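The structures considered in this document are given below.
Next come two complexes, and both contain chain A; in the first it sits with chain B, in the second with chain C.
Here is the complex of A and B:
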């Protein structure tokens, strides 16, 4: 019962976004501290590059690009689900404690578990993931009510409470640590894409391959859940079960991406928001768009962040916020 | 031959006796039902029976537990103890999706439907019949179109729900309930926030659905006179208990209204529908004892 024009519009927007992503990919591959001209990108991709060119493209730029794209997509989808579940357009993975939970776990682990550098880097995503997951589970149980089930407003309040408490605890941890370690943690928190190697791509990809179709499959249920508990129960939905599954999908997606990228906040909030203004609030229509916007946004932010203020650049998480904040202020003035 | 004829007569008699006594199949009943939030019971030891193909209205003062009862009956909230039996089966042991094919609900507040088209909202009524992705089949479209037609909302099909008036919106929600193809529809104060004409429009639609299609309607109503006019059976509640249950003639009486609302009511008759109605009333404690207009109102009412 959706107007055929709206569906046409969705197709067009998806087409434009795919084009934008491809353009940004090409652009991003050609930019960086090492020399690799645009005209060489296609030949190198086709296997005609020399050792240097191959190394820069396949071992440095391409994995980072893929990670960024996937993480942006996962965060956007996670944000879309959470906004639907909480019936609040200002919800994002941050509210279920993903960022603060992962951040706290990373800080704790980094400061108190002396490990070899080699194994450490591959353990860090696991630690971050565990931290995010535990926090999300705690928030779920604290906001669950025996009589009325999961109350969206309570979920948000408990989530914000947990996030603030964990951030505070993290400050305490950091303040007693030595300087070099603090720098790594603060870059992690700022959302500096740090897991930029193929193993990290492999760590993130399965989550998306499973959870992305699962979320799209459940988009119709999100529409009905958005109508309120009574309506959802009335049409025969097992509300608590569906909520728990959707929440688990959102947590899985966000935790997986945050664990390889660091704390990136704005994408999960902004991508669904932009998608909804473009096409409306039907989940099956806006979620694919939100996913593409999320991927593109983070890719764009990282490409810009990486190339200004050389050599270290600006963390993607900060760049996203720099792009996102003006857009948000614009949105607020519109309403 | 003789014997057969006798039996035939006997059957005819039984049918006429049943119809004279108005024996009806009991669709829904509760046994010692207790419903509460946290530690306070809102519905206490309730025993009610609701007949099939009838319009039943639940009335009572604010906080009497009428909405809570409706929510418990429709499994929106859990109940503490007792039993709710629908169609001979305990609702707790019925699959919620199967239940959604038997009963549909129109809750009191539905402000959440922002940015949705009318057709889309109505299509969600098909959820219990759908699998997975929620693709609509040909049958689904037929039912949706029928529901839009019956409620007179087909012209708004592609329009946003937000753009409709209160009365139109309420009809759309009823269409969604109809798309669920249930024999029973529960409504929680379907006329609240509507102006007089739209209130009547909604109630007439429900009455029509009952009379023409034999659907069972169970609703919480605020307005006594609307309950008296449209309901076949009224359940009057106070403090989570039934004060009186019966047809409008029995329930809309000065003594019942005194008990449930603590008002001194004057009962007359609706000059058009000939149903009992509360013509005027006064608060019993602290009300104006010198109110002189009572008798005048009574005269006007009976003088029609």
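Here is the complex of A and C:
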């Protein structure tokens, strides 16, 4: 039984966050190198723009925003699940090696399969997804113990190990490439939202549409799992099966978003944590909030990074890391 | 952990044998590394090149390409293995490694910054930059882990190292993307052993030698420190001063290796573990043996990297990372009790 006051509070927070996201979207739509004044945004959105305005808004800025928002949401949800599963506030899809798995696959693919640019760019998300998935399976396999099941701490440690090894290998792979390829892969790894076209939205959206309700539906099981394996077994839960399903959901979400945005860490760490301090630890309460915060954070990071450091811009992933790492360290020092 | 030094696995005599054996392995690996390669070269020619008693293209290949490369492998292997051994002893953390604790990431970020801001900086300036960077990275990780009065569990230090590394790599990437110098930076940070020249070696080797020599003077203190901090205090050691010295040594050794070949992960983790399994926990034995086996390992890894997909080179950094991962997993598995 959840207190009505708490539910009211959750509604209020969600409302504020939706407002913040909308405000950021409008603000971000008006910023950029090509001219499109703020006063024209609403009319163009309503279909009264000329060809130029339509092109800038619908083909360049809007898809990027949508992708950023969706990716942030997916990462936040993935982080929430991972933190619940590992009973550790420090879990994050980026830190435990999913990003570097995807990155390694992308670098390998990019260097050794010279394809046509057209088809190639749409193949990249698939490759990244496969890389992330394989890495996650390996991490799961190595942190699984026959006697005691899945050990949360070991999951994270093994993830860190994989992440270190793969990024070491990746650095070297990219150093052997020519200059333009190095620039592209570096941008990819830095988490520079690169898939900015409607097809990439389509690549990301189905995952969210399926996995988001699934995760929310399972939030009660996450609550129980967070109490400890013995309690979960005590209330009649098939712990290993549930853990595997939830882990698969988390990996699917993270892999899907990393595959279109590039390596972005720390969103999945910060968003759930902020949400938990706002509303408490029950998953059905904080997960929707975490999702919104994640989307908003990444949107904000991308908007700032794109516009502050002209003309190159700084990748969203770097902006997030610069904010996220100190936050992570702060968490680490608090027990 | 066992505290009894007398129960050490070896005495001085059998240690001398082990030392001699690993020296032989090192010499053999060195020889192999110089003989095998893309160009056909005979053992006799290698001898001629070493004794400078011959001329010709092959001799030149040996003197200007293979020898510097092999020497670099020896230097880096020894430096990283010893740095890892010191870190493991000092922090009493089985997972300590220059790569995992933020040192390489720090050196990386500093190199990127130096190349971006001072493009005309010479090689020596870049070495200094990577020293400073390694110090910053290590300082961050150790600083963070000392914020907590009770001290951090090994697990948390690894996480702190991972977060600091992610942060510093992001900085390095940001800098190199903004100034469009990704390729130049990656030539430093991922160069591996390709194209190392005598000029580079002449600058780096003194640092490593001084670092290694200093280590061997402090090995007794390190052994005591690795037991327990209270014991070291009880035995009248000035812990702070020793730790500062050791810290500086780690920085110099790691910074020099990063400047020379880039990010090599897991080497400093693996070698000391293997060595301790052979000779026990006395660092007077562990350190010299780590240096020798680190060098031999690096030579063989480079040889593997050059021959695995000949005539193309597989970067040695990737080979070491891939060999190191299973090892890391084994340690995590074995020592699970220590991490909670």
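Here is the rule we use: the second predicted complex is superposed on the first by the 320 of 335 C-alpha atoms of A that agree within 3 Å, B and C clash if a C-alpha of one lies under 4 Å from a C-alpha of the other, contacts with A are read in each partner's own complex, and residues count from 1 in each chain.
In this section, contacts are C-beta pairs under 8 Å (C-beta built on N, C-alpha and C of every residue); 3 or more make two chains touch, one makes a residue touch a chain.
None of these values were measured; they are calculated from a predicted model.
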When chain B and chain C are modelled together on chain A, clash or fit: fit
Partner chain(s) touched by A:3 [first = chain B, second = chain C, both, neither]: first
Touched partner set for A:162, first chain B, second chain C, both or neither: second
Which superposed partner A:233 touches (first chain B, second chain C, both, neither): first
Which of chain B and chain C A:317 touches, first, second, both or neither: second
Partner chain in contact with A:29 - chain B first, chain C second, else both or neither: neither
First (chain B), second (chain C), both or neither touched by A:75: neither
Per-residue contact with chain A, leading partner among chain C and chain B: C
Chain B versus chain C as contact partner of A:154, first or second or both or neither: second
Partner chain(s) touched by A:309 [first = chain B, second = chain C, both, neither]: second
After superposition on chain A, the shortest CA separation from chain B to chain C (Å): 13
On chain A, the residue positions that both chain B and chain C contact, one per complex: none
Complex interface listing, chain A residues touching chain B: 1-3, 87, 147-148, 217, 220-221, 223-224, 226-231, 233-238, 280-282, 284
Residues of chain A that touch chain C when the two form their complex: 90, 94-95, 142, 151, 153-154, 156-158, 160-169, 171-176, 179, 182-183, 186-187, 189-190, 192, 265-266, 309, 312, 314-315, 317-318, 321-322, 325-326, 328-329, 332-333, 335
Residues on chain C engaged by chain A in the complex (per definition of touch): 95, 99-100, 144, 147-148, 155-156, 158-160, 162-167, 169-171, 173-174, 176-178, 180, 182-183, 186-187, 189-192, 262-266, 315, 317-318, 320-322, 324-325, 328-329, 332-333, 336, 339-340
Residues on chain B engaged by chain A in the complex (per definition of touch): 37-38, 71, 74-78, 96-101, 104-105, 107, 109-110, 112-117, 119-125, 127-128, 130, 132-134, 136, 144, 157-158, 177, 180
